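Structures are listed in the sections that come next.
Look at the two complexes coming up: subunit A is in both, with subunit B in one and subunit C in the other.
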Partner chain A sequence: MINRETPGSSTAAPLGNRSALAKTATVEAGGSAAGRFDSRDTGSALWLMAPALVLYAIFSLLPIAATFWLSFNSSAGFNTASSFVGLDNYAATAADPIVWQSLWHTLLWLIYHVVLAGGLGLALALAISRLKVTQVFFRTAFFLPHLVSLAVVGVIWANIYDPFYGLINTALTELGLGAFTQGWLSDPALVLFSVNVASSWQGFGLYMLLFIAGLQNIDHTLYDAAEVDGASAWQKLVYVTLPGLREVTTFVVSLAMINGLKGFATVFVMTNGGPFYQSELITTYIYRLAFQSQDHGRAAVLCILLSLLAIVITLVFNRWRARLSK
Partner chain B sequence: MSTRHREWPVVLGLAPVMLLTLAPFAWLIVSSLKTEAEIGQADPYAWPADLMWRNYQDAWQIGGFGELVGNSLLNLAGVVLLSLLTCAPAGYALAKIRFPGREWLFYTFILGLTIPVQAIVVPLYQVLFGLNLVNTLSGIVLAQVSSGIPFGIFLMRSFFISVPDELIEAAKIDGASHLQILTKVLLPISTPAIQALVIISALSTWNDFFLPLIVLISPEVQTLPLGLVRFASTYASEYRLVFSGTVISFLPVIILYILMQRRFTEGLTQGAIKG
Partner chain C sequence: MLKFLAGSVAALAIFVSGAVANAQTLKMWGPEQITEPLVAELWNGIKADFEKANPGVKVEFMPPTGTISNGAVQSAIQSNVGPDVILTNSGIGRISIVRNAKQVMPLTEQYEKRGWKNQIYPWLYAELKGQFGGDVYEVPDGLDALGIWYHKDLFAQAGWKVPATWKEFETLLAAIDAKGLQPIAIGPRTTGSAGHLFGNLLQSASGKEMIGKALRKEIAWDDPKVAAGAVRLQKLVEAGFIKKEMAGLDLDGASRLWFNKRAAMFVAGPWFTANARKAGYDLVNAGYAPMPSDNPGEAIPTGGVGWSWLVPVNSKQPDLAMKWIDFMLSDPVMKKRAQAPASTMIYPRELTGIEPPTPVLKEIFAAAAAGVGYNPSVYLPATVLDTYFQVIQGLISGQVTGEAGMKQIQAKMAEAK
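Here is the complex of A and B:
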C-alpha cells in the first residue's frame, strides 16, 4: 500500500517525490512533443478544476497571502484601519516571553503526543495483529476514543481530572491511594502533560490502525525464513517486524507531529492556556491575540511561525521517507 | 494450532489495557444516570440507586441539543456533498488530463495540505466577514470544504491514477467527453475512494471545533461540539446535566461506528495513507 511503485504513491510523499510526478508526465506525453497540449483537453481540465480552485483560492490561498500582509501592519481589530509598521510586529513577537513559552510548550506537546499516542498505537498494533479470533473486537474497542471530537474529549477529561468528583482522584481515594491525588489541571508542572494525555487518548487509535496496516504489508515469507533459521520471537521483532515498519513509522511520527502542532481544542476547553500560561500553545496564543486582544499583526507573525514549523516537519519527513523507500 | 495457543495470553494482557482505555466512557455513562447527590458522594464504583433517564431529557431540553444536532447534520451534509463535487472532478483533471500548469497547481494544493488552518485564521475570518458569511452555516461549510480540498483532491487523484489509461482511451474513442468519462466510467468504479472521502470529511466535520468556534457565534447556528462546550461551562456545577449532555454528544457516532466498523476502518486507513 505504502510501498507501491506507482506514480500514485507520490501523494503519500508529496514533496519528496518529484521524480514520480515527472514519470507520470512522460508516460502520458506518449509520442507527442513535450510542451504541446490539446486545447480541448486544457479547456475541460480548467472547467473540472474550477469549482475546487475558486473555493480554494478565496478561502485558503487568499488568507495564506494575506497573513504575510497582516504581519507587516498594525490594526486595532477587525474592520478597522491598519497602517504599515514594517517589522514592528516581528520585533514585538520576539520580545514577548509568552511566545517563547508557548513555542516550548508546543514542542513538549509534540513529543508527549508522539511518545504517548504513537507509542501506544505501535504497542497495541503489535499485540493485536497477532490475534486471529478477537482481532476485530480489540481493534474496534481501542479505536472508539478516536471518534470523539477533541472538544468533547476536553469536556470529558476536564471532568475526569476534577479534583473532587473526577474519575481519577475519586478512584485513587477509594483504592486507598489518596496520597497520589493531584490537582491535575491546576499544578503548573503537570498541566501540559495532563491535557496531552486527553489528546493522546483520542489520537492513538488512528496510529494503531496505520501500524496494523503496515504490519499486514510485511512479507510473510520473511517470518518463515526467520523461523527456519531458528530465530526467537524477540529476534523476529527486532530483525523483521521493526525494520518492516520503518516506513509506516516515519509516516505516523510525522502525522502525530502535525496533529500535535494543530493541538488546540483540548487545551482551549480544559485550561484555556492556564494556569499562568503554563499550558499555552502557539495555536491557543494565536486565538488569544487575534480574537481576544484584537492584535492581528502579532497573531499573523505567530501564524507564519506555525506554518513554517508545519512545512519543516513535512519536508524533513518526506525527505526521510523518500530515502527509506529507495 | 499454535496461533490458538498464543491467542489467550495476548487477550489476557490486552483486557486490562482496554478497560483503562474505555473507563472514561463507562464512568461518564454510569455517572450520567446518577442523581446530583450520588455524584456528590464521589464514589466512581457505586451504581446509581435508580437510573435517572430524566437527566437526558433535561440536558436535551436545556442544552437545545435538538437544534445542535440538526445544525451539525446540515453542516456535515453540506461539506460531504461539496467536497465530492469539487474534489472528484479536480482529482480526475490532475490525474488523467494533460494541461499547462498542472504541476504548478499540484504544488499549490500541497501548500494547502501542509499549512494548518489555525495559521490562516485571521484573514479567513476577514474574508468570511466581507462576504457576510460570519455566523452562518454556509460560511462554515465553505471554509471547511476549502480547508479539506487539498486532501480530497490528492485522495481522488491517487485513486484515478491507478485506473488504467486504456479504459479512458476506449471511452474517448466512443466520443465521450471528460465529464462523461468521469461520471460514467470512473465514478462507478471509485467506491473505495468515495467511501474514504465521505467517511473522513463527515467525521472531521462532525468533530470540528476550531472553525465553528470562530465562525459560529450565536447559539442558534452552533454545531454539537461547540454547543456542548458552551453548555458544559454554563452548567458546570450541575454534573448530571454535563455528563448526560456529553454522552449525547459522543454516543451516536460510536454506535454508528460499531455498526459499520469495517467501512470506517478501511476508509480511514486508506484515506490517511493516500491523502
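Here is the complex of A and C:
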C-alpha cells in the first residue's frame, strides 16, 4: 500500500522537503511513483538540480558540443575565423597513417599499464599484506612514487634510461653485462614499453593500496578451511585470494584502463612521441595538432575518436565483467 | 582625534588607490636561463634601467616554460593572463604558427613609426618584409649561427685538424671513433638540436642556394640534390659515427657528453656558451668552425633569426610593450648586452667597438661575418616541421633512409600553403 503523505502530515521533516522525502520513502518501500509526481514536484526537483545541471552543462556538455562543432570546421586557432569543411577533417584523419599508428600505440600503452601497474600493485599487495610490523613502512614506501608528478617522473626516468650515463646501462656495464645495454628510448621496439614502465612505476602504488584493502576484506576462515583441506599456498591464492579480490580487481582494471587512456605526460616529457612516432599516443598527437600545428579541427576529430575508444572499451569490459559474474 | 584619524585613513586610501591606478606592470615572457647568476645580473640591470626611465612601471619576468615549437607560447597567450611582450625562439616557421592563429600583433607600422627598420641589418629587414606579404610580426633580438663546437685541447693532443673538406671531415670522424670517443653528439629529442646538425649536413652537401630553393618550394625536398644531406646523415649513422642510441637523448643529455669530453664535436650556436658556463666547462677550450661544404668557399654556419620580440594581441600593455622594444633596440642596451659575460648571440645590427666576452664568440662572429645559411628548422612551415624533426629522429635511429625520409618531408611540403 502506498503511503502518500501530504505536506504538513509529518512533523519530522523540514517544511519544504517533507513532500519529496515522503515520496522517496514511499518509493523505497516498494511502491510505484509513476504518475504520482505533480508538476510542482517536477519544478522543485529541477530547481534543486539546477546548480549541478548548469555546472555540468558548462564544464561537460558545452565542451563536448564545441569539440563536435570544431571537428567540422577548419580553424587555425581560437582567435581565427573558422570555416565549415564538412567531413574533410575526418577524411584527413582517416588518411593519416600516424593516427592509426598512435591508435595502436594507445591500445598497447593501455595493456602495458594494466599489466605492469595493476600486476605490480597486486604482487606487492600480496607480498606485504601478511607483514605485521613492517607493512606500514612498505606500504608508504611503495605508495610514494604516486605522489610524484608525472612530469618529474618523466625527467627522472629519462635520466635512468640515458644510454651513456643512465643507471641501467651503467649498472649493466659495471656488472660485465655490457652486451645487454640498450637504447631504451631510441630503440623503436622498446621505447613505448620503456616509457610505460616509468608511467606504471608512478601509478602502481594506488592499485597496491586498493588490493591491500581488498585482501583485508577476505574472510580468514576461508584460509583456515583451505588449510584444513590441505591446500597449498598456490591453491589458496588461486581458489581463495583471487576470487575474493574479484570486485577490487574489476575496479583496479577499470581505473588502470582509464589512466592508460589518459597517458600523456611521461611520453611528452621523455620522448615527445619519438623517435619517428614510435611512442606517439592519440593524446600526444592531439596536443601536437592542436597546440603545435594549430590544426584544431583535426585535433577535435581525434578527441572524438579517443572518447569513442573509451566508450567501446568500457562497454566491452562491462559486458565481459557481467558475463563473468553470472 | 577621531577626525584626524579618519582624515589620515582617507588620505592614505587616496594615495594608495592613486598609486595603484598609476602603477603599470609589463609582463615579459623571458628571458631564458634567468636562474643563471650572470644572466640574472644582466637582465635585472636592464629591468632596473627601464623602470628608472619609466617611473611607475614595473617589469615582471615570466620564466619561459617552452617555446612556440612545443606550444608553450601559444598556451600562455591563450590563457589571457599571459605576457604583454614575448622574447622567444623565432624564425618564419615558428612565427607563422602564432601569426596564423592571430595570436600576435602586426608590427609593420611600428617599424616605420619608431624607426625600428633602421635599427636592424637592412638585409634582415628585407627578409622580414618578404615573409608575410609585407607585414612583419617580430622584432629580431638575436641571430643564430650554427656550426661545429670542438675541444681545442683534445684536438691538439691528438693532432686533429679542423677539416676543410667533407673527405677530411669523414677521416676525422673515423680517427675520433677509433680513439673510443663519440665523434658527434646530438640530442634529437630536443627538436631544435636535431635540426641544428641536420641543417648543417643539408647545407654541406647541397649548398646554401639549393636549400634556399627547397625552402621556397622551387625544388623538391626529395630531389637527389637536396636529399644528399639526409643520405649523408644516414651514412654517418651506419658507419657508427653517430650512435643510434643518441635518438633517445635530448639537448642536455647530448651536451653532457660533449662537456665531459666523451664526445669530440657538437653542432650548436653562440647560445651554447650559456649551456657551457652552466656546466662549468672552460669556454677558453671551446673551438668553433663551420661544417665543411662540398661547394668551395661555402663553409658557413647555418642560422637565421634566432630570437625575436613579439607582442600578443591580448597584451594588457601594448604601448608599454612597444616602449620596451624601443629600449631593447637602443644602442646603450644592445652594447651593454653584447659586452656582458652572459652574452650568447649575434645582435641584429652591426655594433662597432664591441669585444665579444669569450674567445669562442669571437670565432663565431668571424665565421658568420660572411653571412649565414639556412637552418630549415626556423624557415619551414609549421605543418612540415613536425615531420621534419621526426624524420631526423628516424634517420638517427635507423628507421628510415635518407631518400624515404626526404619524400615524407616533401609530401608535407606539398600540402603546406
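Here is the rule we use: the second predicted complex is superposed on the first by the 252 of 326 C-alpha atoms of A that agree within 3 Å, B and C clash if a C-alpha of one lies under 4 Å from a C-alpha of the other, contacts with A are read in each partner's own complex, and residues count from 1 in each chain.
In this section, contacts are C-beta pairs under 8 Å (C-beta built on N, C-alpha and C of every residue); 3 or more make two chains touch, one makes a residue touch a chain.
In this text, all values refer to a predicted model and were calculated from it rather than measured experimentally.
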Touched partner set for A:T314, first subunit B, second subunit C, both or neither: first
Contacts of A:V301 with subunit B and subunit C, given as first, second, both or neither: neither
Subunit B versus subunit C as contact partner of A:V191, first or second or both or neither: second
Touching partner for A:F291 - first (subunit B), second (subunit C), both, neither: both
Partner chain in contact with A:A117 - subunit B first, subunit C second, else both or neither: neither
When both partners are placed on the shared chain, which of subunit B and subunit C touches more of subunit A: B
Partner chain in contact with A:W157 - subunit B first, subunit C second, else both or neither: first
Partner chain in contact with A:A256 - subunit B first, subunit C second, else both or neither: neither
Contacts of A:F142 with subunit B and subunit C, given as first, second, both or neither: first
Which superposed partner A:F276 touches (first subunit B, second subunit C, both, neither): second
Common interface positions of subunit A, toward subunit B and toward subunit C: 78-79, 158, 164-165, 287, 290-291
Touch list for subunit B against partner subunit A, complex: 3-4, 6-7, 10-11, 13-14, 17-18, 21-25, 27-28, 39-40, 42-45, 82, 85-87, 89-90, 92-94, 97-100, 102-103, 105-106, 108-129, 142-143, 145-147, 149-150, 153-155, 157-159, 161-162, 165, 177-179, 182, 203, 206-210, 213-214, 224-226, 228-229, 232, 239, 242-243, 246, 249-250, 253-254, 257-258, 261, 265, 268-269, 272-275
Subunit B-touching residues of subunit A, taken from the complex the two chains share: 1-2, 6-9, 11-12, 14-15, 21, 24-25, 28-29, 37-38, 41-42, 44-49, 51-53, 55-56, 58-64, 66-67, 70, 78-79, 124, 127-128, 130-134, 136, 138-145, 147-152, 154-160, 164-165, 167, 170-171, 173-174, 201, 206, 209-210, 213, 251, 255, 258, 261-262, 264-265, 268-269, 283, 286-287, 290-291, 296, 299-300, 303-304, 306-307, 310-311, 314
Subunit C residues touching subunit A - in the complex, by the definition given at the top: 69-71, 74-75, 78, 97, 100-103, 182, 188-189, 191, 243-250, 253, 256-257, 262, 313, 382-383, 385-386, 389-391, 393-394, 396-397, 399-400
In the complex, subunit A residues that touch subunit C: 76-80, 158, 161-165, 183-188, 191, 270-278, 287-288, 290-295
